[in-house]
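Read from first to last, the chains carry the letters A, B, C and D; within each, the first residue is number 1.
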């Protein structure tokens, strides 16, 4: 198998951002000098200063520390949720694209149903019902994003299975399993990969939104929770921009970075997208 | 010796009718892609199936090697009824019956290099235990298809090869299992004219060397004429004329064959020959006309052609034709 | 055409039925005692609760409950809110109207601007104009709606109203005054929702149009002697608009997701805010009702797109 | 009088590996009312030539040097605006991919008549009437005017393309592989149509194809192109003299001739990014001389109106 990946400038920028964030997530203590959990009621809503680079929140926690530690939650959600949805989606997509008949039809309808149901409301309902923990959120997001992967993998599989090298494999006496794993999968994998990267942006976006809407894990530090607390504690009225801007910017940068890498990969795998 | 024989082979595809119709009517509509075809191919013969696109020639060929499930009929390969044996039993015949595809760009997996493409069937059929064992066999087969030096092609991916080279790889991977019956589905129609003859030349050489039997499918009668021993002309799922190539081309009996031969473009100008250009739409296997299938486009159609379907009859030795006019001519 | 319609309607009924069933199952999956959570408001008397229980068939087995649930839904009895002590259906319909007031113009604005930007970007593909549109749009696309709303509030707190649909305690002399007040309150939420959506539409338009521009019939049009602008307007854009119709519908969930956030941030009394409130107060009957309404709305929009599509694409007209 | 006169045309493409010399010094002319067939293998530059005449080259391609005189005016010097008045009006083109060459959301009538609306002062009604006429002339019933292309078969689409190319009564029609993807019978129908229209409208035709026999059946003259160069230019009745042309001719089966399968032309097409100094065909030629490696042969007239670029012919001729 052979992948030729050529990232454009935008993709390289995106990749750099993510690598830096991965570093933050792995070694947050190397960067910050405040414990993000440490509260100090005598120092609430302080503006940026030498002591607190980005000021403090309504219970006196250091916002810069919260921001750096928050990277961990976001990346974790991104990677694990996408891992779940990509695996489930690829399997469903491959099977429903390769086989014809009732199973394929049922899988396809099921995918369509999941595509049709609005995601955010369903996520909110599910998290509200199963309980607010980071793992529940990850699983819910993972299980709601698979339909998108399945749709893409299915349509790609459908077009590949019409190629004569697939029928040729049958003429050689290959089993269905061999054809799916060794002949179709390698051809859809680049697309799945590019799409997975794009999905990471979406997964992070959903986690942040769910947390902001009050269904986040209160025991975990995350950008969405920070914004939730900011909104609930009327930071707006205090015009505590240092509390509100940084997590938002962090989210935008992260989602953007994943999008840039994903688009760059898509372009490098899909010659039709390349500049004319 | 007969290599492969088919009798009354039919391949009907169910047509997807609308959802509602399928609720209230149980009657299925079928597309009669192949509608009762019988012939024999002798050992080491080149048998050619010719006809317009949509006439069912590819479907027929694929049904013969069980890539498509026929609706009815029999296929006998070296005396064995291929359609009645089970899947596992058929596996041992699988490697004997191979196919070469038309499009060299989609018949090779873009993610596999030449070596793996050829080694994979060997491994699946237990000719070799692991990929490295196949090196000698693969070198030899690549040399046979004139891809030399063979080693330099091992690591190449399809996109690094030209159309002709891809088709050679494709042929090599079919031949590596030592088949003796090959379906060649328009193997050169997508190649450039100069490469085309090169590949054909090689295929004929391989045929002699490996004692192969070819079923050659083409829409190009001049190619068929050039290489085949016998030819069958297909129209809408049926054979309308069949016989030794020389005779069919020089003395066509069915009006359809006459028309097809008359429109073959000749590379020499000067001698202007009369062309019979058929009017009307290309055939549609979903709406097969009553009577003779060809009558709506036939320039010699008589009343009887609209009513009864002609059966295929012997015109003279080895030359068969399905046309009412022929039997009428003979009666008086 | 009739057959197409009937087929669509059958599919839609199946879809709605599935959603309703999912809804039923979901709310019985709640850890703890789901039935208690859903139907027994701790704030009312034991006698009333018993009556409620038989109303909802809670004394019956699960499938019995399911049929009662279905028939209640059809009858319009969607349960009673714990918080407002009113029938859920009434609350949701009232809020739905408010949501539409905000969403319809916001989506229209986003579609118009998005398509325009997309067309320009595709036409000028590879130039600086394209790059700047693309950068702008990608940022819009990455913005969480709620955060953008908060930022806009901080910036415009003294210029525009930041909360609610009308000024608190205002009495209107005429209907025009009321409309004016609502419009004034609408500005920030509308801008937020539009910005969040514009990215998606621009990207889709740019993508499909760039692909259309490589089609053979574009070259044909050039060979007939037409200028770039004519070809863009008469040949490329009409073809690129086709997938837009379906894509806007498919991505309708996105619009809804944005609406929940925007309404929450700006306290806009719509379905989205209702959903947020019901989560915060654990008002399950309302949560269930809003989810149902939103899901059905998405399905209906997709249905409309399916119905409209053949009018624009001659290729599917006959089916 | 010649209608197109191409002088030392060079058309290059920018690629990652360097300049690709798609057309490298081509010189030929096409007389009024004449039909010329241009043959060559894929990648030899024949389509590029067609596109350069209309200046419709893709963004990576550009005319490096040379002139294309159309009725005495140099098209190379013309602005895009001036070219638009010529395209479809004086010079029309029919492409190979008839399947996708029609806009799926516009009716056949709209697509045929739009050229008229652009190039003439006709009203919509007049243009539609003319479109109807044109559709009849290609053998399609006029009530198909209000239909959409997806209802048409490949052969019918190609007829529509021809109708819309000819609706403005152009002087020159360029047909780029007009029958390649079509079935044999449809191919014959389209060629017959082209032959008829050519005579009826006194059209000049530049037919581009890889199929020598198509040229033999429709054209007065033949141009053999190889590696961006013209190797031979002859009347269709003349027998071809260049070794490449001969091989090419042999690779087409002729059912009037002997039943012999040629070995084909061994070797690969030339590298157009770093072409060799000598004759482009030399590496594949079985009759090459020493001089062929060093020096490029020039196109010379071996007999009346028959030009060949081959050292062997020069020496034998002299």
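Note that contacts are C-beta pairs under 8 Å (C-beta built on N, C-alpha and C of every residue); 3 or more make two chains touch, one makes a residue touch a chain.
Treat the numbers as computed from the prediction; the structure is a model and nothing was measured.
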Inset, instruction - Tell me which chains count as touching both chain A and chain D. - result: B, C
Legend entry - Between A-C and C-D, the pair joined by more C-beta contacts: A-C
Inset, instruction - Would you mind pulling out the distance in Å between where the CA atoms of chain C average out and where those of chain D do? - result: 54
Inset, instruction - Averaging only over C-alpha atoms, locate the centres of chain A and chain C and give their separation in whole Å. - result: 22
Legend entry - Length of the line joining the C-alpha centres of chain B and chain D, rounded to whole Å: 32
Legend entry - Multi-chain contact residues (two or more partners), chain A: 276
Inset, instruction - Going by the contact rule at the top, pick out the chain A residues touching chain B in the complex. - result: 1-2, 163-165, 167-168, 170-174, 178, 182-183, 186-187
Legend entry - Contact set on chain C toward chain D in their complex: 215-217, 219-227, 230, 234-235, 238-239, 242, 312-315
Inset, instruction - Quick one: which bits of chain D touch chain C in the complex? Just the residue numbers, please. - result: 54, 56, 83-89, 92-93, 95, 97, 99-107, 114-115, 118-119, 148, 150, 161, 164
Legend entry - chain A partner contacts - residues on chain C that touch it in the complex: 15, 18-19, 22, 26-27, 29-31, 125-126, 138-139, 141-147, 150-151, 153-154, 157, 162, 210-211, 213-214, 250, 252-253, 256-257, 260-261, 264-265, 275-276, 279-280, 282, 287-288, 290-291, 294-295, 298-299, 302
Inset, instruction - Within their complex, state which residues of chain D touch chain B. - result: 41-42, 153, 155, 183-189, 191-192, 210-214, 216-217, 236-237, 247-257, 259, 261-266, 268
